[in-house]
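Report on the following structure.
To keep things simple, chains are lettered A, B, C and D as they appear, and every chain counts its residues starting from 1.
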């Protein structure tokens, strides 16, 4: 007894064609026509797109930051994601400073256990890289966590020095891990922040972006790329926001270096001017790196169009406006960094397709297939293919509506897209074969605890300079 | 009663996964597991790749040139193609100077009728663009020939002036046709050729390339791109061979222009030095634009890696060494331009995958899916998808052998790849559901006359600056 | 008995220093302090700059065009030039179609003879390059006319085909001549013009620029550069106006090609919007290539700043508004192309120095020293150095005034800079030692017939890729 | 009673002409012909070039490093410089860690006092930038030391962190100082060095360059440029050696940033392969950044040709091979970094002119005029102009000879150019009007103590993005 999705148009990262999909158990069984067998459930997708569920490789659920904790846990965050068409995410476990990576991983497994509604994985944030910690990276790989994030921002909190970074890169080169970098020059930013405060700007959220110029993201990106080149390690630059950083990545790739870039959907839709909104509204838009200019948005769209960036994720990290963002009411340094985006992402990408910024195939590529390939869970995830997990979204591409806080399922109390009209909605969502969203609403199947940890494989390094579209996956088969 | 290809790994332009394929009649019916029904034929593809049949969008079968005719007709050329894993091609019909496009199209239909073994289409070469000829372009589109080729080379034979070119571009912009350009500055080349002959080099085939410098291909490519920009028309540059031309295309795309480029597989494997081989052997390598340098080869591979070119075709145009190439024994100007490549292409691309130049997915993209999308026959062709024509190649990627003239199926008497070791061979090939190659040999089904003309749709123009990977096809569905 | 210029600050293309200059006869004798001898005339330049007289290498005096003749002859044009601080120009002699170069040169010598007030030279416009004409180029060199201009614009009038152009380039490579190119694709422009007229725009001067897009100047520039590269000849691109053309030149130079570029001062100050001025006022701004956009102006200033262009000249070609521009009152095709700039140039450059676009040294370089070096009359002209011709301008850099038609000395009846405030004026001008402008007014010495033809040497080609600043002049000495 | 240099050809950064020069006292009095007065000394420069004496803005005389001291003091170093045609240098005074800038300046004044044979200036090396040290920078400017050098290399010795660097840049922006950066990522280099030693390479000088890859110079250069951009400060990058660093500078300039670059002559003539010479000979070539590849040399020559670098200096820092370089006989980390070049520079540049790499004018520009302008002593130095100090070199451009250790006047015991043939020698050298080198040999006038400290002015910042050739000097006059 299975489920057949009928009448829809299948969209993969390369192909678009009319066919039905039959699900058996947790996986896709067949693609074709006339697939229904007696007892099968039927989902009518006529006039809709059938795509692999989106994957969000950059989220922060239940994350301590600046004296508070991001307000979505693995239940509310997952429900928001599923409503938006996202069926898997990879969150960031975090090494406690001075502690072991295992400590961090255990803590994050505990956060997800029993709460997860959809499948999830973890990256590991390395905050201090003592020799034994560098060695411990191998154990992370063995436990299905083959991606390590480091920061060149947030001195005293997350920032590592060049020596630590280089040591981790060398280890990743050898154990197959992928280094993920937050690139901003935290030292100079702190210098600028202190001066801004001294000059009396503490109460203005807009000084968040004024003290984090794009030039310093560009510099830091260049640095990470240079070190990765010397180390011989592949590199994944997270949340690229500006021309300078895109250009740095593009130049490195042109010379054959294995560098990939991610941006987040909010950088394509919001600008730094949003931080200057009155009545502390700007605080809703505080994230790092900060929102940039319209010129940077244009460069980002170009990068998506030209295959210069591989992934569009969210950096979903929600803090309530009422009682969390307000921690920084008098001092912009204390505004928790982050915004809620996990649910809105796919609707915005869909709107961008209608606006001509990218094709449906490219949408699937940046939102699902590339993330799965880069982070070692393809073709289990990220594909409409027999044998793949039946993580499927039936997308009603023509549905038009406007985002308001009432529509969102996150535990947060605002959306930065309040009033933004979009086009495209997840009408039905399958997670490992179960229908968890039907006609846009969560079903009874969408219960905490059903989500599973995805043990990811080591990233099989692309050959020097290859773009992701050209990568031969290490283990192309399943089933 | 159908056919099931079992045990293989399906490779599309984006995906790679283990699954079986069931063919019913002329089309792919299902993809999945356990697909066989009673009476089905089974093809064991275990350990092999299952890919959409290759499409060769640049061939010259049975083509008059310089007082002789290319030696493959639509039967021998098709058999060679099928053995090599190619299941469709688009040949060039040619307007007789002073005549109508319809004259040319009728002539070429007659060449193919009754002889074709596989499916084929036609582009239309425009040699003179009187106002009524420009109007006639619409009729070509209506007859399934929505691509028009013009030359900036061969003055007095094919070359058109900028005014003609521009008029055709404007018409193509309006009727949905795609202008294809051969870019070399024929006027200056003639100047150089005449001087070379005057200086006594007529007897040296190597002066073919010495009189056709890459700079003049670059110039001509820039010109075609500029005119297309002013006309507002999309452009497809055929057989790009050199750094200058790739750079021109890349720059135009970076600024959002709809320009696509094709190269041919021989430009990645041979160099101009081959034209200097003694004993007139160099004549085997005479084609236009000429073979270039190793530096140009590196640039071409980069372009494939970076998605700067969309298609790798062949410009297959065979002339026998014994009695056709020798027309130019004393005068390199009289050597018929062209070489046989239609059968060797896929084996060379496969070898390049093993060498790390591209992935299997990218091979499918440049050899099959992109050609189908650009030339208006996707997803009928170019896809492994239910509803698509069952043009399928089962590729034995690990088969190693060496090209010799004895292996090839063209009517020509040499291969330029004589002695070249390759890795990868078409073990089984389906053409519209019929098994025409089995275990590397033509079956009884591979009979002249079974091939059909493919009525291609107008190319639905990509939005300005979009790369092909991002194109939303106009009619994404079939069946 | 000589003349001493005292108290001024000498400005050369590299140096700036306080010193006096003593003139004896036609030449500069000494630079230093306390140079006056009994009987010397003294010119007080305190607070002023002492610079080599400007050279204008692109002018059209007494030139037939479109059924009329540019309204300045060699007397009125020279007086305008001298008032503006220009002490030498190079005009264009023109081969009559079907006639000899000598015919053209003789005609232009006759125009200048007896009328010239300052020194002058000639370039030769080649309109048709029959073999005997190509040979005749050597004779031009021998007669002191070592620069040949060709057009890719104006089909049927000046335009040459690629074969002619290439033949002239090869001859120039051998005889030391410098090929100067007007780069616009005249064929496509004619196509656009005809359509514009057919669509009813004949009466609108603004369609002059709408039918001459920058893309076609860029294309043509690329073509000229490519042909020069293949020919092995140096190239001078005249009146560069747009980003596309500057970029083409810059790329060629980066690869070591000997290409130099000139722009004209009006392209830095006017835009295409000026052609849309009502009441036929736009006709005053009709020149080819047309005025461009503000973005192009910014690119031109960048090019001056980065040494990507060598010369700023004028293309001075005045036609009276009252009875000459009006030839095109009903048909923009018939508006004589050209505008008066010879007098205004230096004041505009001076204003640009005050605005921070370039330094005084760079002003001297682009307006005087580079022209003299490139066109074979350095250091006779273009230098403040003992032994050089005493062509000197004492520049009052702080004088502020506004251009009006009443101020200009050309025979034309308007200035496009009407109402434009400028800063800087020629207070005293010496031409070969004679004071021809004193306190801003022509002296009795400024008489027709005193100007002499400058027999220019062959351009000693810079080494491949060298910028002009690096050129070792062939004959560095004089005296 | 003066001195007249007769018969020579004067070469400035822009002009080349035949004229005599009369010196009165310490300065140039007149340029012209027939300048001799009764009692004048005459120097016959017939057939020779008369150029401003070279300025070397990057030297380390009498400098403690790694437990020893560079072996030239201000007497031997000056005599070597003068024999080579260099008449002024700027050495590096050094803040003692934890001490004041004044301490460092006093120490270096003491080194020069009584020993200097030619004029000299000081830059100030900042090793630690406590707030009071940042304030003390203003005092340095007041004392004629308006240039501050910082290192991103040599952790624990010279290296500063980004915060220090940024603070100094901001102060320099305000007080008119020029920040000079040694750009190499010292942290990662140390990582590589430690591993190399651990792997047993301590005894191989070639590991000096293997542990200092060009990528890390490029990264560091990008970082310095980015910080300077954010700080709004101009930047001078010292000893640029590689493609990556040149490209970074060129990109910044293209966007209008005030960044200038220096290279040293040895990087154009030696390669990293020289460090692999047997018998510890490689140690003679140990300097930082290390020598690079032939490809980098080509890029450097391009940069000189295209005005992408402003200065060619020496980083002269001699250590005897016999008893100083040998400190690192067993451990390449202990080899004192540096080589002797102060005398050889001009002969190598002259040889490069003959080879076609640059013109004589450009030689004067990069070796004398640009250094004087950038470092605030123009036109006192760096010009052949009345009123300028009579620091003049009479250059015999055709003299051919071969460098051997016997020819050099430094206290060092080797030259890296042993056996290198060169063309061009200083036949006569004037220092502030005194003939200190005659016919290639020091005169009695060349006595210790005659040299004077040059109190340099604040660098008047060029406008954003201006190239040096376009800079309007703040105080263009003297006398």
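Assume contacts are C-beta pairs under 8 Å (C-beta built on N, C-alpha and C of every residue); 3 or more make two chains touch, one makes a residue touch a chain.
Just so it is clear, the model here is predicted, and its values are computed rather than measured.
Undergrad: Provide the labels of all chains in contact with chain A and in contact with chain B.
TA: none
Undergrad: Measure off the straight-line distance from the CA centroid of chain A to the CA centroid of chain C, and report it in whole Å.
TA: Going by mean C-alpha positions, chain A sits 58 Å from chain C.
Undergrad: Suppose each chain is reduced to the average of its Cα coordinates; what separation in Å results between chain C and chain D?
TA: 40
Undergrad: With chain centres defined as C-alpha means, what is the inter-centre distance between chain A and chain D in Å?
TA: Roughly 50 Å separates the two chain centres.
Undergrad: Tell me, which residues of chain D touch at least two other chains?
TA: none
Undergrad: Got a list of which chains touch which?
TA: Every pair of chains in contact is listed here: A-B, A-D, B-C, C-D.
Undergrad: Which positions of chain B touch chain C when the two form their complex?
TA: Touching chain C: residues 161-163, 166-167, 185, 187-188, 190-192, 213, 215-216, 218-219, 222-223, 226-227, 229-230 of chain B.
Undergrad: Provide the residue numbers of chain C that touch chain D in the complex, in ascending order.
TA: Residues of chain C touching chain D: 9-19, 22, 29-33, 35, 253-254, 256, 302, 305-307, 353, 356, 358-362, 365, 369, 379, 383, 385-388, 463, 465-467, 469-473, 476-479.
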